[in-house]
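In what follows, subunit A forms one complex with subunit B and a second complex with subunit C.
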Partner chain A sequence: MTLAPHEQLPDHDRPPDPQPVAARVRRARTAPPWWFALPALLLFAFVVLVPSVRGVHYAFTDWDGLDPDFSFVGLDHFSEMFHDADAKQAIWHTLLIAVSITVVQNALGLLLALGVDTAIKSRNVLRVFLFAPAVITPIVTAYLWRNLLGPDGAVNSLFGAMGLGDWRQDWLGSPGLALWAVVGVTVWQFAGYSMVIFLAGLQSVPREVHEAAAIDGAGPVRRFWSVTRPLLAPALTINLMLSIIGGIKLFDQVYALTGGGPGHATDTISTLIYKDAFTLGEFGYSIALAVVLTIIVAVVSTGQYAVLSRNERAAS
Partner chain B sequence: MITWRFPEGDIMKTRKLPVLIATLTSVAVLAACSGGTKAGSEGGSGGSKTLTLASVDQGSIEDVVKAFEKANPGVKVRYTTSGADQYQQQIRTQLSSGTAPDVMSVWPGNGNPGATYVLAKPGYLRDLSDQPWAAKMPDAIKSVAQYEGKTYNAIFGQNGIGAVYNEQAMKKAGLTPPETWTDLLAFCKAAKAKGTPAFALGNQDNWVTQLVLYALVATTVYGQDRDFDQKMQAGQATFAKSLWTTALDKYLTMEKTGCFQKNPLGTNYEASQQLAATGQTLGIVQGNWVIALLEAKNPKATFILKALPANDSPSETIIPAAAGAGYGVNAKAKNEELALKFVNFVMSPEGMNLFVEKQGGLPSLPDTGFKADPSLAELSEFIGSDRTVPFLDQLWPNGKVQQTMLSGLQEIFSGQSTPKKLLDEMDADYKAGS
Partner chain C sequence: MSRYRPRTLALELTMIAVALVVGFPVYVLVNLALRPASDTSSPISPTTSPTFDNFTQAWQQGSLGGALGNSVLVTACSVVIVLAVSSLAAYPLARVTARWSRGTYLTFLLGLVLPFQLASLPLYQTMRDMGLLGTPWALVLFYSGLQVPFTVFLYVGFLRALPRDFEDAALIDGCTPLQGFRYVVLPMLKPVTVTALVLNAVAVWNDFFTPLLYLSGSAQQTMPVAIAGFVGQYVTDWNLIFAALVISILPVLLVYFLLQRSIINGFAGGLRG
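Right, the complex of A and B next:
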């Protein structure tokens, strides 16, 4: 539903109001009262808020997920994180993965969108193909790639067949490569997703503006930079937000491709949360990690949103 | 555009409606939730003829359930099967929320989240000491089926870790299974020279990394000192200052000698089976459970399990052999009578033989009339002559020691860590206690 309180209309659009100011103010108050949202809020509180808050309280205990007797340990888990090499490494990997995915996926997504936004004949088929990986469950694509990237997998065979034998690598088994393999697989899957959002943005750029710029003598690069780019700002905001949040929370791809290995070479905060909780039974510590993850997501995404929406306003 | 406005005079009256809706909704939500739990508990006890069961024995539990239902007409077993990881996660949640099934898979000893000690300690399992089979268990099995002197786990089978050879591939290469450490290294070199490495190693799945080490530690450490675990528990021994260093060194010597195919860290369990089944390697160091999987991948091939030698006197060789996962009864079972009946069926010669035959293991109780598969003759002989040790982690105080070992071995194989560092870390985790 659209709510349009009278006050927001520009003065000249508004019919002269015969009522005195006090009456107008009272009329404004007849906008839907906040408790209209109550059923939804209650449901949200019951399903999301209450369980989350109750969950957070375990971060301050030594609960093992099983024993009904546990004790309060205060901030121990949080200070332990600063000494836990695995946790520090996982946080670093998480940020590395999130930033790389965000940059590469959006750059690629934008290029693809520009590509399929042209008049080439097969553009509709291409759009479908490029978007297809995004509709498959990540765990499925990850298992697929786990086989493709094996020592005797299709990727290495392909390099061999092309006479590029030196390029053959143990993609998931070498600590230096495994993290990038995870980034690569994730980008492969979701570049099409970013593409679709950019495409929607591109198609909302009015043709007349382009034509006007062309008549004024702007070349394709200049037209992209001065016309398309500013008008794409909302699409960019959404894409960056989605990919950075997805990157920070990344779990399925890592777990299926490498299980966090070799050793801890690809462990992210999410895989560590899973392992600490379900293989080691350290629920308290693992929930503390989850709290930190939540804080990181909240801080990064609000920070990013603030910057991007400022740019958006500046661009428009 | 819609502008919201209530008729001014009726405002108080109209406001009551949303309040009413909100109240009704929240009541409905509450009712739905309490109704849910109630329905759940009623469904669980629905008739005394339904048993609920959660199992990790995918591929064998199906037949056992069928036989049980046949032996008890009118009884219905509602069961679920899942992989170990997923199962351990789910069973913990179910137990702590009171929704666990009547009978469930339980691992022997300690050291994983679904193990006997872990589940018996907070009182989630029913004491099974009064069941007829409890007293008949051999000591090695009893030590991991019991917690504080009471039996909680109906362990029906046992497994061993050794070198599983592909007999056709061995014949083609003209090689025979080595019986000493020196022979083993020579065997690896000869196999490599023929282009078929000796053993497939799927170290990408981190649980696989431990198997070769277990096989080597059994002879190296326990061959010298059968009381090593007691000494560890008493704080008189450490991993770093024991023959564990020698065993770990031998593992790496095997890797350097070319006993394994290339890139073990990029090879997963599935892929390693493929290599051994199709003769791209001569064998695989695994548990006996792999034989059934290899046969499924290559029905024409035959396989045999032998001890993996770790020193030069074959008479000292020991095989890691231990109780496999068994079944425990929920302390709050909704159908306790049927649950006990099922567990007793599993421990009867009929149920036990059905299970171990399907799984390719050996029964845990003597005198079941079970005829072991010829591929397991050596394992059976070692168990009979008391030349086995339990899987090493089964008597460790917590699950962390094993997890540290698993990721540490991957790190050593990828040059990120050293044997000394790993053993020190394992000692630190061991000392942290339960």
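Right, the complex of A and C next:
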């Protein structure tokens, strides 16, 4: 965790400023100029803002990505989406994947953090080791897992060697399993990330509070529920936001593991955006899907932020 | 921490078992990468006659050297630009309470919510018109803008908690605002700069969607697209593919294990700066 500034700078105990008006004048004169923000603003506008606004505009046209002559089609793409089984399915998969990843990844991350934040000797090594998958390129880990989860892959071999031959499956080839394989691979990669954030939260719980609760007769479960849990709220907020938004935008894992298949069993909004634009040339429809993705991300993140920050305030 | 008891040992062994399960895919990865294609024994049994042939072949046939160079170039340039413009922008945004300042900051925050899928298709057209498609500079430009909101957010949060006496003193002593930023503010931002550096570098290095769009059909590749292309080409030759995966992972893991403390702290402290 980055150090709070007051831990690095001597914090002088100053008497209150005797001349607040003069101080305000001085502040005004020495305020950093507005043009410091200009380079960042221009880059941001060029890369994100302007194209996003144009994107929203294109979502209402029949633009094909090339032809400068395109016409306004109103809400056609959006009403088409309501009748497009693939699109509806992709939206459902996106939500299902995002919620599943969020629940499983945070549950595992919290358990790992609680296990590592103890007196065990290997805690530092385990922390480094368990976090390692999170820095590896997702497309690379996904290709690795595509082989491991294949019919003759290492996962099935392992089950066979353990006498669990019945558990062998064509993990990525069966429509009912492939989606969960995508979830599992993503959780494998990022559970350590959740763990690290929970660990930072756990370590912010002062030991004296734990000791005081123990002296007062609280057992480990009670101490977790009444002392640790409320103080973990900020870490939980960050973790939930990261995993649910990451899950909604998930692309690399699906692309590499299943390509959206078998059939359309694992297509998400992101993979449909890519396919519609670059294999079907339907840019307008593809961008309309991106608009839907944007709305989902915006609704989920603002809703989640509101709920969680209210709980955080209630807990502290 | 409490004392080491038998229960602690049981927990220790459980956690190590969990770590072994997590590490299992990496064992298989290395095991198969070292194996000649003729060896068709079970993927989990250790390879009996290890060879490095897959690595030399993957390196040459996948032109991974060029991809590695491009990845380094794109990541280094993008991260330097993002950190420079974002820290500079965060300075007035954290210090000035005028309406333009708050408005600009909120505009940046909006960027945190916009998924890049929305911007990347129209921007594709702009990049094409500018002749940047298929060059690493399209990516540098893209990330330099895309990563700004998050980085500004980190810097502003950190700056707001910093006392302003030092910069005020520097300005009164005759520094220009730019000198004050360069010599007084920037050194104080070092901890958050490390965090921002780590998070941006990992995000840019690992991104696949953007180079897939902007570099497709060109000879220029970054590591993730080179790997995807390699898998597409050698569909079933998994020993060769695994060697390529190992090559792509090695530099990342090397940097990770060297700088693990800063990297983990960067991720752990990420959103609170």
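Simple rule for what comes next: the second predicted complex is superposed on the first by the 272 of 316 C-alpha atoms of A that agree within 3 Å, B and C clash if a C-alpha of one lies under 4 Å from a C-alpha of the other, contacts with A are read in each partner's own complex, and residues count from 1 in each chain.
By definition in this document, a residue touches a chain if its C-beta (ideal position, glycine included) is under 8 Å from a C-beta of that chain, and two chains touch if they have at least 3 such contacts.
From a predicted model like this one, the values you see are computed outputs, not experimental measurements.
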Which of subunit B and subunit C A:I101 touches, first, second, both or neither: neither
Partner chain(s) touched by A:P151 [first = subunit B, second = subunit C, both, neither]: first
Touching partner for A:F278 - first (subunit B), second (subunit C), both, neither: both
First, second, both or neither for A:F36, with subunit B first and subunit C second: both
First (subunit B), second (subunit C), both or neither touched by A:G263: first
Greater residue coverage of subunit A in the superposed arrangement, subunit B or subunit C: C
Which superposed partner A:W188 touches (first subunit B, second subunit C, both, neither): second
Touched partner set for A:V227, first subunit B, second subunit C, both or neither: neither
First, second, both or neither for A:I287, with subunit B first and subunit C second: second
Which superposed partner A:P175 touches (first subunit B, second subunit C, both, neither): first
Subunit A positions touched by subunit B in one structure and by subunit C in the second: 1-6, 27, 30-33, 36, 38-39, 43, 46, 65, 147, 152, 277-278
Partner subunit A, residues of subunit B touching it in the complex: 1-6, 8, 11, 15, 18-19, 21-22, 25-26, 29, 85, 88-89, 92-93, 95-96, 112-113, 118-119, 121-122, 124, 203-206, 262-268, 271, 398-400, 403, 407-408, 410-411, 413-417
Touch list for subunit A against partner subunit C, complex: 1-6, 8-9, 11-12, 26-27, 29-34, 36-41, 43-49, 51-52, 54-56, 58, 65, 112, 115-116, 118-122, 126-141, 143-145, 147-148, 152-154, 157-158, 161, 188, 192-193, 196-197, 199-200, 234, 238, 241-242, 248-249, 251-252, 255-256, 270, 273-274, 277-278, 283, 286-287, 290-291, 293-294, 297-298, 301-302
Residue numbers on subunit A that touch subunit B, as the complex places them: 1-6, 27, 30-33, 35-36, 38-39, 42-43, 46, 65-69, 146-147, 149-152, 170-175, 258-265, 275, 277-281
Subunit C residues within the subunit A interface of the complex: 1-4, 8, 11-12, 14-16, 18-19, 22-25, 28-29, 32, 42-44, 81, 84-86, 88-89, 91-93, 95-96, 100-101, 104, 107-108, 111, 113-126, 141-142, 144-146, 148-149, 152, 158, 161-163, 165-168, 171-172, 177, 180-181, 188, 191-192, 194-195, 202, 205-206, 208-209, 212-213, 216, 223-224, 227-228, 231, 238, 241-242, 245, 248-249, 252-253, 256-257, 260, 263-273
